[in-house]
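In what follows, structures are represented as structure tokens.
The two complexes that follow have chain A in common; it is paired with chain B in the first and with chain C in the second.
Up next, the complex of A and B:
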């Protein structure tokens, strides 16, 4: 497998897992109006669940790394565990904010949950090996009798399959009567309650579904890259997904998919190539900013978010409502 | 047992204060089944606060609210709505990102497409129920003369149209008791008269209404009973024609 072909496989896996995550966040934020700034924690939960379900007993790792669990179970079980973990954590995050707080305070509460979770996991080394994270996952090899090259493409196939399933589940929530009800809750939670909608219950249900998509995303990602640590799920990662939702078009599943490709692949992966620009390297050295290219990615994201909120809040592909036409007969 | 003679709504000794201000100060009144009761009074009398407490939007600081003789004091708004008590807001609240007709559709009770089975089964499961709801919504839009606004985003409607959408949405829930906070404000005179006729028609089908309203002409035409509030208390209660002659009502509420 050539370097470019390998790179393509990596990009496709990133795209697939980012799509699942962005869809989940769009369901929560774009469709239902829960500004879940702790969304990345559901992805982390899915990833860690996958890790401790696939790794062997912690005793076998000796002093190398510490963790709970270590069930040594096969890929599909670990993937399912990731989905469940994401869903449960999504509901827990929801409970912190949704029951008593107003919408803007909910976002703050959820952001704090994200920061706290990262701090706890980093500090508590026996839990999930702290800051160093967990590595050396058993290599998951679909079609184990084939070339590694074909195996990698098979993984892309698994991710694509999960995306198809994920999109199907997502559309069940965002279309039809239930999608309409969720958008009503987003637009005015008091008016929704006044016509009998249980706003908290609906939002917790959406937290469960969005969290499940996040968990699936995290599990698929870690199954490919083979390791996971707090550095991979800093709270700013939620902001990257949020940018994809805002730029693509809040509440529009296809728009958010376009936004994800634009933000997660074109921009955040594209800036990596700036490392090949000698002038930029010179600037990095001159200002002693070794991560300048990374930072540029975030600067572009932040700028895009502000520009879209100012000038095109509906995003590239705005939310579309069904047409029922005029009264007949 | 629900007795036919029993009022649908009984409010007794209801209290709500904000800090030191007793916005609602121990009010008691009732709404008879199948009638329209008016709640009037000068600005700041506590009418909207009373409505908010009865509807479960604000928790009460004292007193009781009985629905069909059953204590529902302090129940959450969505629970009361499911029992048939549906309110509108003083400033019309619409779902701006939904179209006009969707604002009505979303309010239909017991939609199959909203259930867990609906999520699993998809359109095949809820399609028929959706068509019925759609039929009702179109009829309602027709009755309000807003067919041509069906596919317009509700956020683009005028103030009066938004208020009409809110009233239609409340009616879509098939309520037993409607709590309306100034439903005529901002409506054209002709639509306003049409709405009055519609409310009177609905009471003959058993609907009961509690109406906070500033236009005394409307109150005169609609309400079999009027409760006058001032400074958080019930000042007087009776027919509008009697109340007009009472000195204390005239003092609190300059009646023309």
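Up next, the complex of A and C:
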């Protein structure tokens, strides 16, 4: 397998997992109006659940890393565990929205949940091996006797399949009566409540669905990269997804997909190619800045978010406003 | 018991710094009703401006004053150039929060690009230590506690005894009404952002003095304890924020002393979430600006 082919596989897996995550965030933020700045925690929960369901007991690998669980179960079970974990964590985060706080306060409360989760997981080594994270996931079991190339492409297939299922589930929420209800909750929660919609219940339902997509994304991602640590889910990662949602078009599933492609693949991966620019390498060496390109990536993302909210808050592909026939007397 | 008393000592020292930042945050929020997350990165900016000056031989306390003024100016420019126009256009609250989070991330990584990701330090602060009721405080910690107290008193007098203070309170509670009474609300708001930016920059330098070493995440780490203190005391109330700062500082240090030191921040996080869920108006209720925190 050539280096470029391998890179293509990596890109496709990243694109698929990022799409699932961005859809989930768009459902919560773009469609329902819950600015979940702690969304990355659902992805982390999915990933950790996948890890402790696939790894054997800590003792079986000589106790070199500590974690709870260690069930050594097959891939589909671990994937399902990731979905459930993401969903549960999504609801737990959503409980901060139960009390009807101002939207910006909700956002802060969720940001704090994200910071708190990262601090606790980092500090509490016996729980999930703390800051060092968990590694050495077993190979993708059903095809472990196959050629690695076939395994990798098979994994791309699985990710693609999950994306199709995910999109199908997503459309159940973003279109039709449910979608209209959720948008009503976003645009005017009092009006929605007045016509008998249970705003809190709807929000929790969305948190569960969005969290499930996040959990699936995290589980699929960790199944591919084979390790997971607090460094992988810093709160700024939520910002990358938010940028994708805002640039693509809040509340528009296709728009968000375009946004994810632009942000996650073109920009975040494109920045990596700056490493090949010799002048920049020389600059990095001269000023001793090994991660300069990544820092630039965050600067670009933050700036893009601000520019879009300023100049084009509806995004590249705006949400389509439903048109109803005029009532004639 | 000795451990508890020492922890309370540390708590008072860090509480003073938290209070300094929390009061600035409170003034800004009370005035603009915008939850400004960029405040954390501005604190980091203050700390690095301080470092730049101290490396060039400026005294710590002068560096603190200069960093304060500079961050004050940046803060006014940030509000004038970005936040105020967005608010005027009717951008929704959560979009503005996302703008401030993004601006904070951008500023933080711009600082990294210029100053590098490695840990920095102002160097050992000279001076004797003070022993008081079993608490041990360094000279710079005592200075910071005194400085905070003086600034708080000054702010209190400004808000309650001067025309400017009355104008600020009026603008904070009802901008349109204040304007129709002949108050130049834009200028008053600029002054409030300047004041809060100065407190923010000073808090950044004070943080860098009291911590052994710091890096570009300094402000992001301490922003949450400061918001917790501000919310605990009731947003928009300087005294509340001061009490909140002490409570958060002492609770964090006591928790760190008796459990895992990494849980120092978790205590502040917990206080903030519980306050938001149970008493979003703060322990004492709003006095000089009533804000709608509930949807």
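Here is the rule we use: the second predicted complex is superposed on the first by the 315 of 329 C-alpha atoms of A that agree within 3 Å, B and C clash if a C-alpha of one lies under 4 Å from a C-alpha of the other, contacts with A are read in each partner's own complex, and residues count from 1 in each chain.
Note that a contact is a pair of C-beta atoms (placed from the backbone, for glycine too) under 8 Å apart; a residue touches a chain by one contact, two chains touch by 3 or more.
Everything numeric here is computed off the predicted structure, so don't read it as measured data.
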**Message:** Quick check for you: in the superposed arrangement, does A:147 touch first (chain B), second (chain C), both or neither?
**Reply:** neither
**Message:** With both complexes overlaid on chain A, does A:319 touch chain B (first), chain C (second), both or neither?
**Reply:** first
**Asked** When both complexes are superposed, which of chain B and chain C contacts more residues belonging to chain A?
**Response** C
**Request:** Mind sorting out which residues of chain A both chain B and chain C touch, each in its own complex?
**Result:** none
**Complete:** Per the touch rule above, chain A residues touching chain B in the complex are 172-173, 176-178, 180-181, 183-184, 186-188, 190-199, 251, 319, 321-328
**In the complex with chain A, residue positions of chain B that touch it** = 55, 57, 76-78, 81-82, 86-89, 93-99, 101-103, 105-107, 109, 111-114, 118-120, 122-123, 126, 130, 134, 138-139, 141-142, 147-148, 150-151, 153, 166, 169-170, 172-173
**Asked** In the complex of these two chains, what residues of chain C are touching chain A?
**Response** 34-35, 37, 82, 86, 91-99, 101-103, 105-106, 108-110, 112-113, 116-117, 224, 227, 260, 262-263, 265-266, 269-270, 272-273, 276-277, 280, 292-295
**Prompt:** Which of the residues in chain A come into contact with chain C in the complex?
**Reply:** 33, 35, 37, 96, 99-109, 111-113, 115-116, 119-120, 122-124, 189, 236, 239, 242-243, 246, 287-289, 291-292, 295-296, 298-299, 301-303, 305-306, 309-310, 313
